[in-house]
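Both complexes below contain chain A, partnered by chain B and then by chain C.
Right, the complex of A and B next:
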């Protein structure tokens, strides 16, 4: 049997081996993330059928929970692991030709550490261990945002670091408060002890956790860092940050809210927060001229939509939220990768510089268009079933509040359509102003392959959503059945 | 007086956390903000240690016969603090190196004047 520990250990080990390979040859450094994440992809796919029958538990060092650190590979954990490995693998191919300047080995080390942290967060069953992996994720993303070292990227990295560090301080304080009361760090053990969230001593840690993870997930009042950080990082890193890092923040948040605290009374608040985040994100994206900033604000909006769907807390709602999460991970990674290459060629992030790109770079422009249509939610792409499920789930509840909120969500979708179609229009229907380099340029294979694979996933899952809904339904039931989770970890 | 002697560490810990929070929120200089972050970190570490602390307690090793569990200090928070200190140092080092770079680019560390990126 494959051990889920390998999913964390192999990338972590290989990350620190990168400089040693650098002694042999500078050329093989860039293949290390490729190898590590390919391994992760294979292992997580092999674990998949077994996990769907029964969650896989690993006690590190042989100490049984609640005394030792344990890993819990449930359906939701393995779903995230596959997504992280898939997107990470594709982006590592993209980086072959994209990352050429500065210290490449540092990029590859930090990139592997970022993905290790993300995998650790989704697999661990211990709250302090979750914090440690979360910090690995955060610290490596702070430094990757500053990778170019120019004026804007350093400024955004500083902003990101200050807010992120404050957020993680709050998480640590929450962990301290919980440990002081229950004397355990195991999530299942803690969840077994927490009966209701109405006493102040339980409520304060819950608020601290939501605020702390909310910073990384970019929930509305805590999202000031995101547009700067995502727009000034290298495009390959923007794809990973937008496609994985904020989703992992959201995962940590819902894991804490649903499993650890079972806090159903706070869900209405989270739902409102989600809709506000959605509206703010989409409205800000609408008035951006910089393409990467626009995509970053769109990510904020999407996170709000996911938070709304997950807070419905019905099986159908959570399934819809997770579907939206998968579609956002694939779609936004594709958009950042495609936009990144077009920026690389045109040398400007301004939307007006993309005019006429549809003729010059047909494949990349087509992929961008498909990604944009998918995020907006047009059939037959993957975004459509996700949004449809969310709207249906909210209407099933038959409450006035949900109907009003759905109105705002559909409004936000219209805004989203407006700004994405503006870019698509610039790509295809506007003549290029400077007519000097009109020749067609075909991107190198290492850029085209990840873009094509992501496009393929978007179209295939969009046409046949049944491919992933089974996994999502069992993930939703894992989140909702708190008692089962506790029983499965500590029989 | 007994109240004070019993809760003095908690008061100290939360005092440090709020002082740090104040510095981070109010000060304009990046170096001061970083110092504030480090003070919050220290406060939280003190808080974690206090949770497991027992007055006149000893290390949790059964060296003497007849040692009871309530005479021993809880070792888990100390392990947590060790990890938290390492993480804090990593963040501090990164923050300071970014501050150096920021000064090279902007010629100032005043955060109110560094505002190229806006909504």
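Right, the complex of A and C next:
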């Protein structure tokens, strides 16, 4: 049996030894994240069948919880681990040729640490351990946003740093308050002690947690840092930030709300927050001229949609929300990778500079189009079943509120369609203004392979959604069955 | 208007935290795991310093995460500050006075020794890897202030840092192989209060001390060289 702790410590160890490989040859360094994430992908895929039968519990240091730290590799944890490893692996291939400037050694270390932190957050069963890994994730993303070192990227990294650090402080305060009251940090043990969220002493930590994790998940009104950070980071990092980091923030929030507090009474509030986030994100995206800012705002909108679906808190709703999460992770990373290469070629982030790219860079432009269609929710791509499930889940509830909210969600989808089609139109149906540069350019293989693989997943899962729905259904039941989670850790 | 809003928000947060804090009894040792650490800590980990038994024993995985946070911060700082290298102007540096110069040469090895003592005895006396590492880094700070022509060898500090990190993880993985648990204390715990006791705890703390020391020294180096 493979121990899930290896999913965290092997990449961590490899991140520590990157400088050693740098002494041998600077050329090896870029393969380290590739190797580490390939390892994670294989191990997490091997763990999957076991985890679906029964969550794997691992204690660390030989101390039983609540005295030691434990890892809980349930379906949802391993689902996230696979996603992180898959996207991380593909983006590390993309970085072979994309990252050429500045200090590449530091880029690769920080990149690996970011993904290790994300893996730690989704696997741990201890609230303070979750905070530690969350900090690894956040600190490495702050510095990666500033990687280019120009004025805009430093400015947006500082914005991100200030808001993120504030959020982390709030989380730490929440942990402190909970520890003071219950004298334990294990999530299952805490959850067993928290019977209701109606007393102030429990409600305050809950609020602190939601606000703190909400910053990383970019829930309105805590989303101010995201458009700047995601647009000024290198595109490979934007893909990971948009496809993984904010989803991990959302995971932490949902895990705390569902498992730790069992707070069903605030779900309506979260649902409304989700719809507002969705509408604000999509409306802002509609006004953007800068392609990366547009994609970043679109991520805010998508996070809002996921939050809405997860807050329905029916098995079907959570399955839909997780499906949407998978589809957004694949689709948005594809969009950032494809757009990143087109920006690299055209030298400008303006949408108008993409005119005629469909002829110059046929494969990349096609991949971008497929990603865009998938995010909008057109069949036969992966975005369609996700959105369909969310709409169906909301209508099953047969309440007036849901029907009204669904109207807004569909409205947001129309807006989303409008701005994505504008880009697709620029790619294919507009002639390029300067005609000197008309020759076709095929991207190098290291750029095309990840783009193709992501496109493949989007199409294949879009046609056979059954491939992942079983996994998502058991993940949803893990989130909903709080008592089972508590019992499985603290027998 | 904006200030009023901020004050109102702060008052709400402060009020909420106060209300929540009122529920926490003061001075009554009611925490379940706290009692366990105090009563069983020495027996289970072999470390007479209870803080160390928690930091490296019970919650050793958090500590691995924490040194990684520090590592990420150091690397991140290097990546960001490294971009300014070309813009910086060579300023005239005034040489340190005779007192600082002599003091730094005299104190540098002594401070290193104290730092090393602190992290080697982490399982016996107050202190440990983080504290010892910070003391070691302060020696380098003094060296930069006093002998401004001396520099840390970057490759050496990278190597020390790497050895520290790798030792921690290697010890953990050996524990996984022997005892089925990551960071399992596979060495004999020995007689409490002896230098060679507590199994893997001194090894891990030495690794942490080396890593934290070289990381903090790296931060100082980055800030001084490129400011």
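Quick note on the criterion: the second predicted complex is superposed on the first by the 491 of 491 C-alpha atoms of A that agree within 3 Å, B and C clash if a C-alpha of one lies under 4 Å from a C-alpha of the other, contacts with A are read in each partner's own complex, and residues count from 1 in each chain.
Going forward, contacts are C-beta pairs under 8 Å (C-beta built on N, C-alpha and C of every residue); 3 or more make two chains touch, one makes a residue touch a chain.
The model shown is predicted, which means the values in this text are computed figures rather than measured ones.
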| said: Taking the superposition on A as described, I'd like to know which of chain B and chain C A:63 touches: first, second, both or neither. | reply: second
| request: Once the structures are superposed on A, label A:49 by its partner contacts, choosing first (chain B), second (chain C), both or neither. | output: neither
| query | Which holds for A:227: it touches chain B only (first), chain C only (second), both, or neither? | reply | first
| field | Contacts of A:20 with chain B and chain C, given as first, second, both or neither | value | second
| said: Just to be sure I read the superposition right, which of the two partners does A:162 touch: chain B = first, chain C = second, or both, or neither? | reply: first
| task | Have a look at where A:9 lands relative to chain B and chain C in the superposition and call it first, second, both or neither. | result | second
| request: Check whether A:143 is in contact with chain B, with chain C, with both or with neither, and answer first, second, both or neither. | output: both
| message | Quick check on the superposed pair: does A:347 touch chain B, chain C, both, or neither? Answer first, second, both or neither. | response | neither
| query | Touching A:128 in the superposition: chain B (first), chain C (second), both, neither? | reply | both
| said: I'd like to check the shared interface: which positions of chain A are touched by both chain B and chain C across the two complexes? | reply: 128, 132, 135, 139, 142-143, 146, 149, 154, 157, 173, 179-180, 183, 185
| message | Taking the touch rule as given, give the residues of chain C at its contact with chain A in the complex, in rising order. | response | 16-17, 19-24, 30-34, 36-37, 44, 57-62, 64-66, 68-69, 71-73, 75-80, 82-84, 155, 158-159, 161-162, 165-166, 169-170, 172-173, 175-176, 179-185
| said: Going by the contact rule set out above, which residues of chain B touch chain A in the complex? | reply: 17, 24, 30, 33, 37, 40-41, 44, 47-48, 51, 74, 76-77, 80, 83-84, 87, 90-91, 94-95, 98-99, 101-102, 105-106, 114, 116-117, 119
| chain C-touching residues of chain A, taken from the complex the two chains share | 3, 5-6, 9, 12-13, 15-17, 19-20, 23, 58-63, 66-69, 102-103, 106-107, 109-110, 113, 116-117, 120, 126, 128-129, 132-133, 135-136, 139-140, 142-144, 146-149, 154, 157, 173, 177, 179-181, 183-185, 199-201, 204-205, 207
| request: Please name which positions on chain A make contact with chain B in the complex. | output: 128, 132, 135, 139, 142-143, 146, 149-152, 154-159, 161-162, 165-166, 168-169, 172-173, 175-176, 179-180, 183, 185, 227-228, 232, 284
